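Chain IDs A, B, C and D follow the sequence of writing; residue 1 opens each chain.
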Amino acid sequence: MKIEKRYTIAEDSSAQFNNHVDFCVGTGRMGLALQKEYQDQLELVQKYIGFKHIRGHGLFHDDMAIYQENREKFWDPESPVHREYNFTYLDLVMDAYRRVGLRPFLELGFMPKKLAKSENRVFYWQGHTSPPKDYELWKDLIKATLGHLMERYGADEVVTWPVEVWNEPNLPGFWENADMKEYFRLFDESFEAVKSVDQRFKVGGPAICGVNDPVWIDGFLAHCREKGIKPDFITRHHYTTEQPDRQGHYVYQELMDPEEGFENLKSTRDIIDGYPEFRGLDIHLTEFSTSYSPDNPIHDTNQNAAFLAHQLSRLGDVNESYSYWTFGDIFEENGVPFAPFYGGFGLVANGCIPKPTFWTFVFFKQLGERECVLKTDECVVVKTENGYRGVVWNSQRDRKGVSLDVTVTLPAEGEYCLLTETVDEKTCNPLKIWHDLGEPRSLKPAQKAILREAAKPLAETERITAGGTAEIRFELDEFAVKYFDLSLAPLTPDRGFDYDRAVRNK
Amino acid sequence: MKIEKRYTIAEDSSAQFNNHVDFCVGTGRMGLALQKEYQDQLELVQKYIGFKHIRGHGLFHDDMAIYQENREKFWDPESPVHREYNFTYLDLVMDAYRRVGLRPFLELGFMPKKLAKSENRVFYWQGHTSPPKDYELWKDLIKATLGHLMERYGADEVVTWPVEVWNEPNLPGFWENADMKEYFRLFDESFEAVKSVDQRFKVGGPAICGVNDPVWIDGFLAHCREKGIKPDFITRHHYTTEQPDRQGHYVYQELMDPEEGFENLKSTRDIIDGYPEFRGLDIHLTEFSTSYSPDNPIHDTNQNAAFLAHQLSRLGDVNESYSYWTFGDIFEENGVPFAPFYGGFGLVANGCIPKPTFWTFVFFKQLGERECVLKTDECVVVKTENGYRGVVWNSQRDRKGVSLDVTVTLPAEGEYCLLTETVDEKTCNPLKIWHDLGEPRSLKPAQKAILREAAKPLAETERITAGGTAEIRFELDEFAVKYFDLSLAPLTPDRGFDYDRAVRNK
Amino acid sequence: MKIEKRYTIAEDSSAQFNNHVDFCVGTGRMGLALQKEYQDQLELVQKYIGFKHIRGHGLFHDDMAIYQENREKFWDPESPVHREYNFTYLDLVMDAYRRVGLRPFLELGFMPKKLAKSENRVFYWQGHTSPPKDYELWKDLIKATLGHLMERYGADEVVTWPVEVWNEPNLPGFWENADMKEYFRLFDESFEAVKSVDQRFKVGGPAICGVNDPVWIDGFLAHCREKGIKPDFITRHHYTTEQPDRQGHYVYQELMDPEEGFENLKSTRDIIDGYPEFRGLDIHLTEFSTSYSPDNPIHDTNQNAAFLAHQLSRLGDVNESYSYWTFGDIFEENGVPFAPFYGGFGLVANGCIPKPTFWTFVFFKQLGERECVLKTDECVVVKTENGYRGVVWNSQRDRKGVSLDVTVTLPAEGEYCLLTETVDEKTCNPLKIWHDLGEPRSLKPAQKAILREAAKPLAETERITAGGTAEIRFELDEFAVKYFDLSLAPLTPDRGFDYDRAVRNK
Amino acid sequence: MKIEKRYTIAEDSSAQFNNHVDFCVGTGRMGLALQKEYQDQLELVQKYIGFKHIRGHGLFHDDMAIYQENREKFWDPESPVHREYNFTYLDLVMDAYRRVGLRPFLELGFMPKKLAKSENRVFYWQGHTSPPKDYELWKDLIKATLGHLMERYGADEVVTWPVEVWNEPNLPGFWENADMKEYFRLFDESFEAVKSVDQRFKVGGPAICGVNDPVWIDGFLAHCREKGIKPDFITRHHYTTEQPDRQGHYVYQELMDPEEGFENLKSTRDIIDGYPEFRGLDIHLTEFSTSYSPDNPIHDTNQNAAFLAHQLSRLGDVNESYSYWTFGDIFEENGVPFAPFYGGFGLVANGCIPKPTFWTFVFFKQLGERECVLKTDECVVVKTENGYRGVVWNSQRDRKGVSLDVTVTLPAEGEYCLLTETVDEKTCNPLKIWHDLGEPRSLKPAQKAILREAAKPLAETERITAGGTAEIRFELDEFAVKYFDLSLAPLTPDRGFDYDRAVRNK
């Protein structure tokens, strides 16, 4: 099956496209940031994409070792308790982020074991998810941590790091009993603690998982109005798959209709804008992806890359940012992965192998915040100083063998070079190569090298001479994503150089 | 036009293939080795190919500053002259070679200006190519230089560096009047000087350019017999293009019939073997390429890569080694190049961009010295511990639109992965991309990045289940070179991982 | 107070000195090897010292995630259990070791939680230290792990990695009830499991902590004799401090008389040699240091460096190797450290700052396995191809203001250069500098830079002209360690260079 | 002999100190910038000092290959000549500068051979130093070069690169017959050419060598006034040694009285300010050092470091900048150096070994542009946010065994850390170490490592408790340079950490 689309761009064409592709990215829990493989993956991501912020769980989890309670004499249960803060690992993590140009989007959570009210926990790594046993101690912890960061990295710097209160309190695994009222207390106390350190901090919530939950958004805003608190932004998450089916270590799911997701996001926007005092408040999607399962193979596919291209073209419509969950595959929520390709959330697979979706982000990053002249369900095109750039994709919810031809007619005059970079199942599909290699769980160096090389887009160029308009055409196999750059490039041959003769060897 | 070839390999098939692809590589004059861009290109070459030796001109050229004559008082022409040696730059160059695992294949030449008998010179860089004004000073220079190297790098190490006397003395540009008798004297004196430092050194000549010149080989051997000298090896060069046509900065030539070249090489072998005392003496092709012009665009093409594949499959037939002229494009014989793609000899273009021929070398390197089971004019196949590897090419002397299908039937049992890497005009053709970009003489960083990425082979894989034999088929566009590796790779899925389900997303 | 010593070396002087300084080094638990800071410290250590092996706890600890038990359906306690092995992190760790040229000295331990018989645990990181609930599962785990390593790194390579059974079973924290009989069973089963994988593996024990415990060594050997098992080597530990006094996060102890320790080591040797069938069996001290406390500030002092110099000169007397506990300060046995200088075991402090003791190891490494001509309680001197090298130290058990002068008379003829590198409280004392900086717990980049620079020895040189003998003299402040190299170095001035004139500027 | 000095700083003390230490640095000719060793040395310099600009000769020298004249058919002297520009090497050099954060201070010169009017030449590398044979071609060359740079690096960027016309035209070696009138023509034509490319360029001259030459400065300004040209700045050089005495490859000289030099500089200032229209015009010392000889061993000494400290404290008095001649020792004006220490101009010796003077620059760089509170002939002190920084030196024109004690009393309140870094003949004297090693001309890796380590300052710290004022005292051996930083540093011990106990080990 083949679909054909034709578009024409005029000198005055324009379309709405808010490109915040690089504002923020997600990460496995903060303690994992100590790892070298984690940092190597992050470096790769930053070299090619260059996110501004990074957000994940576990700032206060026990492996970060920040909150400590120790008896004066550990052998004497009568001796006095010392409460102290340990920032040794926090410094290592923050230094690592700054080395690659990242600022945290701080998530306050989860609860240190010794501060937790109950044994409610989540994940293989056993994050404590109950309220604090004492809110004063919780607030002291926040203040000490922010104070330390400000001393180390400068107050003016640290107040630019957004602060989000907790994660997905509307799920009982993440917040005991999904107790909304208790969350509001947590929010109020945390909000006050942060602002008491420096009024300039931006603080937001409620960080809900985002599925069918207007009750929480509305409830949260009503609560804030009642308390006279003005949050600096609203946060929620956004995933786009249907019910999961688990098989062994893996989960399989069908993709949702993307329009359903966009409507759901719009409804959040509408609820907020219904409150006069909160109208226009920024919404940050502090997590989004196709599947919310850290072991769904879809994340590793070309289909994911194409679906995400569509998402990236639209998510800026009503949201200030959208943070892909996650940059890399060092991740332990369901345990340590058994194989390099395990359906992890990451843009990069373990072994520093970029997945197809990695390139979707690279391509959108190259569009920048330029003027948009065309946006459809298959492509987005922006204007550059000497031509046009765009991303074209063939996103399907299901494998049906659909290929797509997109033809765009553009205003153009002179000699151009059309550069195209293609990510599709044939040219850039490390999952398939890994499968063909026998699905090895332990990659030998030679296999790693092959996978890394094969995980790059195919670049092609073409010369185009235009007199008024140019017609450029893209053929996309199913799940293909293409980036193009059409730039003025008059031929400037050196004296005596004749390309045709060169390749004809006469 | 399409050609089809079918070959069958049996358990006991075998073919002669002496793979010395990595023994030696050529370089621009030694003084250029001080440059950073030169060293960067060499590092790239060594990372992927890993040559053992490197050979080029100019060890004694004045930019290396080894030989010095200075008056005691520079203002007083009556004051005594000091002859001294300066090894500052030689150390920098040798250290650079060793850092990337290379040993020199020393060429004694050219003549320091102050030691030259006349003003006979060659190249843009004005190498002096006359005999020494005094053979004793020449011998002192050789002894001092080898002595210094042995002190710095160890005698046992340095005696493993082969020594060749001069370069192409059969051309008057390289040796005044192409005076054969004078060359024999140079050889004798140099041979004696080297051996007097350490008998273990291997010394050879006459390093002739190799075109239609049996007179020199025969004359040289007759001379050696007469003098009772036994050279340790014989050297000559090997180029395979017809007459040049110059246009501006560039030269264009047609390729020779390769069989003519192989016959010419065979005749050298026969001449040597005609001398009982020299029978079987190693021949080193201390230079070879398609064109001998440092500004022939053919060097940058896919055609060159395919032609070279054929050469590499055959050059070991009668030669101990063959040194591709040259590894990189920092080169000044005809002047400093005006553009990144200028038809330079290099495997790598300026800007550290691998040319198609680079990959031909990488592919042959991966064959190693394994047992050969098939060698034809289109392919060579060797046996590995768990399958087969090979290189397949489509070499044509002229652009005629010939495509080639090669089918090989192999003994195989079980599940395999067939990895193929393709270098052809569509997948790995930086020259075309550079042309399409407008042939920019100054590469911007973004252009360099595109060219580097686009200069990599396309890797593809396929699973093959074989019961007794496997049939593998390669389709090659004109000038394509493909590497393949067929290896046992039974599927080892992790519990619950189902690749088909993964890519069908259900 | 000042002590003077004079020694004379004759042409035929000789002394016993078995220098195994670089055979093995200790490490925090294996899971910490995933960390970047850990790997950075290890890289520094390997660059300067270059150990051959590395040994630490925690191969089977749960953070390495090797041993897994999962229900088919995690929500259904009736569904079957899968036992599976996960080598994702093990590969990362082993790759990291190999990247810096290290082989593991494998310690089998501790117990995965799901395999543990009881809740007996040790350390902040809660290592399980009970016997396995099922010895067959334990043996399967060993076999699967070794099998995996052999497949990944090659059987011939992996069998060169020594294997030690457990750690300090004579302490109840490390082995439930310090049950000797149960340990013997663990040893027997483990020994059999390892040898069943490949007979070439070397396996040893009993890895006791080494304090006054002949009962265990003797008992272990008697057990082996009875069972007809021949261990490949014997292991124990060696620490040299008196009783601890704890204060806050820290422990303070006095140093032992070193002779007591040497006698204790000798007694182990004697016990072994008392068994005819075990006579001469290698003893590996798989841990040694001054204090066994990971929070004793002595580890960071110059005193430690001097005391260790003495140890390194003697430990080879009766032991095949001695593994300093540990190379670096990423370490969590008593929790995450609060400050960069916290009395950790490491040769390197957090922030990649070498401690004085680091240099003691560097100095001994430079002695190599050369012929020893002098060994006393203050120095060791070896012969080189063109002179002598040595280490001289001023070790005191207590701060008493003792300075030391050592004069050595050596056979020498000609012009020499005497190079001396000094590590003492004035020239190389990062702990003091950190104290003077205010003992900052969080190091700013500028402070880190100062500390790193100030943590290097002071190098000095002197020219010595000798006619028959040379007298070299070293003045050592308390706790100083000096390395020297006396080498023939005739002056070879360039024409016109006059050093005296140069520094007089006339 | 010992000199004692005491100074007191009050809250309101202030002194004039214009610190432009990092504005510009000199370099060997531009073609040498292609070398790897050159770039390595530059990287070291930039890492520690971070200059903003770099200036040297040879932009248009033939090894840069910019200016080309080639016949259409090189074998036919009747065929037309092509004038063309080759920017291949210029790009490599400029990219290298930008990689380390440097902008050129462009010097227009010397003359391409094919553009030179005569054979007047200078240096071992034979720079052509005659006027152009045709001023139009010269102007075309300037315009083409600047145009190319602007296209490659951006116009807004390139116009910030100052442009100086020629070098030392008042010496006949550098400008044929030191013809002042001809220089004025060169200046006028060049000025016009540069401004015609972009008016924003800053252009200056006359770049005279600076010795006793008011005639040139005055003549130049009178000429400009007459022609109605306003140069953007005035340039001259500044060297401070007496007559040279040559011996072999080396030159020895006595140092001048520094005050003579300062007066000479002042006189240039006065001449300029005597012209109302030029009053206050910036003066750039585009070269300065002690000796103007590239083979005077003084450059490698501690004496040079101390003398330069004095210079750096004063040169900003009447000059906008002062460019140390040169950053490194890859330099060929008198030939390729024979030894790593050869009295080269560089801050860094070949082998990447910092000389003592390197640290003088590092120390002054750390003073920044802070408020100066004390400046004398022995020290300069500035105020920081939490204390004071300063440089103290003991500069003597001759070796007389003078030591110096400087005591400074400062306003201070609280606990401080006093950090001192010392460069003197005992602690940081690579020249002496190299001498003691026998003055090896070829450094082995181990020797290079020793020299690099030994070429670092000794860092020491001290705690000071002040109540109102603090008295800090510096003892300086002859030729010592010390940097200090006195900063508030209250002790913040971790719980239980007791430094005194730690170092007493009880």
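Quick notes on this structure:
Quick note on the criterion: a residue touches a chain if its C-beta (ideal position, glycine included) is under 8 Å from a C-beta of that chain, and two chains touch if they have at least 3 such contacts.
On a predicted model such as this, the values are computed, not experimentally measured, just so you know.
Copies subunit C and subunit D of the same chain sequence form an interface built mainly from equivalent positions, shared numbers / all numbers used being over half. In terms of C-beta pairs in contact, A-C outnumbers the other of A-C and B-C. Annotation: 48 Å between the Cα-based centres of subunit B and subunit C. Subunit A and subunit C, compared by their mean Cα positions, are separated by 44 Å. Along subunit D, residues 84, 246, 338-339, 441, 495 each make contact with two or more other chains. Of all residues in subunit C, those touching subunit A in their complex are 34-37, 39, 65, 68, 73, 84, 86-89, 91-92, 96, 148, 151-152, 246, 335-339, 350, 441-442, 444.
Interface residues of subunit A, counted against subunit B in their complex, comprise 246-250, 252-255, 297-298, 300-301, 303, 338-339, 342-343, 398-399, 415, 417, 419, 426-427, 431-433, 435-441, 450, 453-454, 456-463, 489-499, 501-506.
Those residues of subunit C whose C-beta lies close enough to touch subunit B in the complex are 82, 84, 495.
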